[in-house]
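Okay, got some structures for you below.
In the two complexes below, chain A is the common chain; its partner is chain B in one and chain C in the other.
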Partner chain A sequence: MSDRITAAARRESLALLAPGIAVLLLAFLLPVAVILVTSVRDPAGGLTAAHFAKFFVDDYYLRIAWRTLRLALAITAVTVIFGLPLAWIMVRAGPRLRFAIMLMVILPLMTSVVIRTFGWLVVLGNGGLLARLGEFLGLDGRALVLMHTETGVVIAMAQVLLPFMVLTLLGVLRAIPRDLEEAARTMGAGFWATMRLVVLPLAVPGIVSGSLIVFALSISSFITPSLVGGVRLPVLASSIYQSIGGSFDWPFAAAQSVLLLAATLAVIIPYTRLARGRT
Partner chain B sequence: MLDRRKFLSTTALAAAALATPAVLRAQENRLVINSFGGAYEEIHRRLVITPFEQMTGAKVEVVTAYSADMLAQLRAQKDAPQFDVAHFSGGLETQAAIEGLLAPIDPAELPNAADLYDFARAGLSKGVGPTYSTAVIGLLYDTGKVTPAPSSWNDLLREGLGEHVLLTDAASNTYGMLGLLMMNRVAGGTLDDIGPGLDFARRLLEAGAIVVSKSPEIQQNFAQGVAWLAAYAQDYAYTLTKAGLPVRFSQPEEGAAMAPITVNLVAGRPNRELALKFIDFSIRPEAAAGWAEALRYTPTNRKVQLAPDVAEQVVHGEAAIARLVQFDPLVIAEKRAGWNEQWKRLLAR
Partner chain C sequence: MAELKIEGVAKTFGQTRVLHDIDVTVPDGGFLSLLGPSGCGKTTLMRIVAGLEVPSAGRVLIGGRDVTDLAPEARNIALMFQSYALMPHLTVAENVRFPLRMRRQGSRAEQEARVAEALELVQLSALAGRMPRQLSGGQQQRVALARAIVARPDVLLLDEPLSNLDARLREDMQVELIELHRRLKLTTVFVTHDQDEALSLSDRVAVMQGGRIEQEDAPDALYDRPATRFVAEFIGGANVIELAPPGALGVSGARLVLPPGAAPEGARAVALRQEDLALTADSAGADYALPVKIETRIFLGARARYRLRAGGLVLLAMVPRGALAQADVATHVVWSAQAMRFLSR
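And now, the complex of A and B:
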């Protein structure tokens, strides 16, 4: 009797899992497998490393990879710096202020990335808000034009990805008992010392998972870097796109994708280890 | 509760219906063609597809597929082609013809072909369908800022324009590539050596030229007054004019590059006669005039009469057309990936 129940329960959970597993197989594992195979196949069907060799033929693609990594790290750092205080204030704030901040954080998520990026084009571009501010301050006409600069990409991307950081941090910060902070203050720690010695260490898991999400999203992002950064500041994702759409070179695009995946894993795996070690 | 067998059989049926291309279910009096989507497809329907259906009583099924996608589909369907007529822009029809995916046409089978300029029907016997209109790549300029009007590709290097010259990414944009090839030609290069063209572009970049990859960015840069002079297409100059910008197109004295748009007969289909009728209908003067009016593409039919306001904005007529430059699409197909690598290295900061 109980055997039949467990068997049924197992069948039911399997049935519940099936759609998820099917989607994962069809929409993730299968394409990744195809990309892996494409990246090492030569036109005759044999194995080759030529597509990978092309990446290392001179420093052009290496510089693209380095720029991609550098930008992703900078974007992650910016979202931590802005996200942490914001999340902390949200936890401490009264319900009305919290709601207002929450709205400000979540609203951008309701608009498409393309629209948000176009907003930045208006702000960062020639004759845009920043450029006019520069003129007002008596600076050179193009001094504050951040279109087609890495700074511009970081600003626009950080805004796009900030919600992911704040929402992740919020959950962790909320779980820190307020008593701990109060205890630290009673024992003579100042505000900054409390932050550094109590809040920050306890927030590490949130910072880690928030950073992972933001990093993974930035390293593979395409729309914002190509619109704000432009063709003269290629990142890996735009280079992959160009290989497919401009040069019709699928194997090389696949090889670049494999390298992008490898780079992402190389950063993410030690990072998760670190998080596990701390908690 | 859902009966499992019934569920499975329904799913199987639905899957089969999805897997069977609409084409296989098509009747004899039907054509399957591709068009390029969006506003282009709308105008395509108005100028050619709908009137053709009304005239012949045939049903034309339109699948949206750009040239590269179209070529990929024709290749995949080589043994059982699903399209009757394939439209291409950007030179891929020559590749498709060489691979035997397109069928040769006897000019006598297309009554309207006699009125086409020679270049527009030159490939018929080899499987390249007629060019029904062509985009033209020359110079776009802000009439208020660039005086006198540009008349040569070398005007891109004109003193004082530096930071206001706009280039389009040659690696991702075919018009951008054709612009580069024109600069190369003017600077003394050939398709075997695009070094002079790259040097020309390098001088522009060093002078502060802006580089964009998508056409909306061109509009944005002209609208903000940043771009004054750009190497791009005549049809896009019209898009900017319609948007209220003081932008005009100039065909440089050394010539402008042609980006032909062709209508081709797919090989191995049973509807040859109807498909030929459609192709002939596509190249009649009324259609070519319609493309010029709606989008400012250059007509390839001698008999086309353009209204004065249209004629002013479109390269047309025997003499002007003779100055258009057509680069060999096969050489482009063969060399483009290599050019892209050189171009990208020139561009990247």
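And now, the complex of A and C:
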């Protein structure tokens, strides 16, 4: 009797999952499988590691890989550093201020990445807003031109991805009872001690999941690094694009994609373990 | 340990005045209850003492030192929250050590010894390594209490600490709180809406209503001699009856007519406790007697509450179990002259 009920419940759950599984199979797992296969096939149809070898023996590609990882980590760190105080203020602010900040955070999401990035070109570029400010302050004319620098890429990317961090943190911070902060104050903890010993540890799950989203989005990002970093600072995504669009080397593009996926998983899997350990 | 003095404290939130000119002193080692319905300002007053709210006017002194402008962490107080506010990411022992750590009291070993002592006091030593979410409500409450007393605060503030416990546990905790206070002699302010708690625990009770202290007195004095209508009704739920001009004993509308000379000059109402009213079929020999009709009887175990009507006047009477048979066939409510508390406002 009860067995039949559980079996029926399982069938119903499966029916509900079916559309999602179908999309996942066709639009994600299948292409990934094709990429995996392409990355290890030689022109004659046999197995080969040559495409991966090409990547690892060439200093140029290793530098690209290291740059991609470094940028993604820096962007993630910057969004945490700016996102955490912003999210905390939003939770503690009155409804009006909260709405204003929310608008500021959400609004960039409603414009295209390309347009936002062009906005940064105006600010960071030669003769742009920052460069003018530098001249005004009496600095060397090129000191604040951040176009085609990694700093410029981090700034532009962090702005693009900040909403993901803030919105994730918001949910977690909102769940921290205000009583806890007040209790800490009455027990002799000052503002910063309260932040460090109460708010920060309780925000860890939010920091972890926000970082995962930002890291995954930035390590695979293409438009902003290409436009702000330019050809002198290629990242993995633009290198993949180059392999396809420039040299029509599909197997090598596939091998790079596999490496990108592997790098992402290598970061995400231990991170989720960490998050699960905390809660 | 120190005396707590609140001088002329007022508080407004926007247009709303939540506290009017509060003056109250708790002597060193005293136990004061702030008693009142929700929204009477008792929690705001306690938060002002803690430093979590800034008063719009007035001063707070702890041990003679003006702390009005000090941040909460700079006052040597402890506040036990209604929600207990235990740190969910810290163990029981770490929670209790938190105030010692923040106030840098003693070495780590000394702190740990005091944590053990405080947990001993609330009988939770066995659970020192647990996380708060692994504890029952009553155990969490004890951890919060241990954490509040561990640093020996000048003033201990308790915000409805027993209201989330079931009735049985609450009675046990009342006894423990009395024991604890007797042992530690901490100056204590206890915020509650439960009159039984306030009367059983405190040296002094301040009854609050609408942002003012209606009456501050010893529990028995408050019970026996309510100064205002609100206190009479709130403490023990007395019948408060408006007085009509003197005449022959009786009822005029919803008001009571007393014989000339029975009420002092200026008395506008009279308070009669439910348990001071007796029901009888034979009113001979009583100081005061009114013919009544019994409307309802609610059986409460050891006692029963009767709702009585005499003309436009409705009275509640509490009758002990042994007198129920007699009360059920009663025709009159009777009371003695001493039972009457006259109120001028």
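One rule holds for everything that comes next: the second predicted complex is superposed on the first by the 263 of 279 C-alpha atoms of A that agree within 3 Å, B and C clash if a C-alpha of one lies under 4 Å from a C-alpha of the other, contacts with A are read in each partner's own complex, and residues count from 1 in each chain.
The criterion applied here is as follows: contacts are C-beta pairs under 8 Å (C-beta built on N, C-alpha and C of every residue); 3 or more make two chains touch, one makes a residue touch a chain.
Computed from a prediction, not measured in an experiment: that's the story for all the values here.
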Overlay on chain A: chain C relative to chain B, clash or fit: fit
Chain B versus chain C as contact partner of A:I240, first or second or both or neither: neither
First, second, both or neither for A:A203, with chain B first and chain C second: neither
First, second, both or neither for A:L260, with chain B first and chain C second: neither
Angle, in degrees and to the nearest 10, that opens at chain A between the C-alpha centres of chain B and chain C: 150
Partner chain in contact with A:S226 - chain B first, chain C second, else both or neither: first
Touched partner set for A:I64, first chain B, second chain C, both or neither: first
Touched chain A residues, chain B compared with chain C: B
Least C-alpha distance (whole Å) that remains between chain C and chain B when both complexes are overlaid: 46
Overlap of chain C and chain B interfaces on chain A (superposed complexes): none
Residue ranges of chain C in contact with chain A within the complex: 50-52, 71-73, 75, 77-79, 81, 83, 85, 87-89, 98-99, 102-103, 147, 151
Interface residues, chain A side, partner chain B - complex: 58, 60, 63-64, 121, 125-127, 148, 226, 230-234, 241-242, 245-249
Residues of chain A defined as touching chain C within the complex: 177, 179-180, 182-190, 193, 198, 201-202
Sites on chain B touched by chain A in the complex: 68, 169, 171-173, 210-213, 220-221, 224-226, 336-337, 340-341, 344-345, 347-349
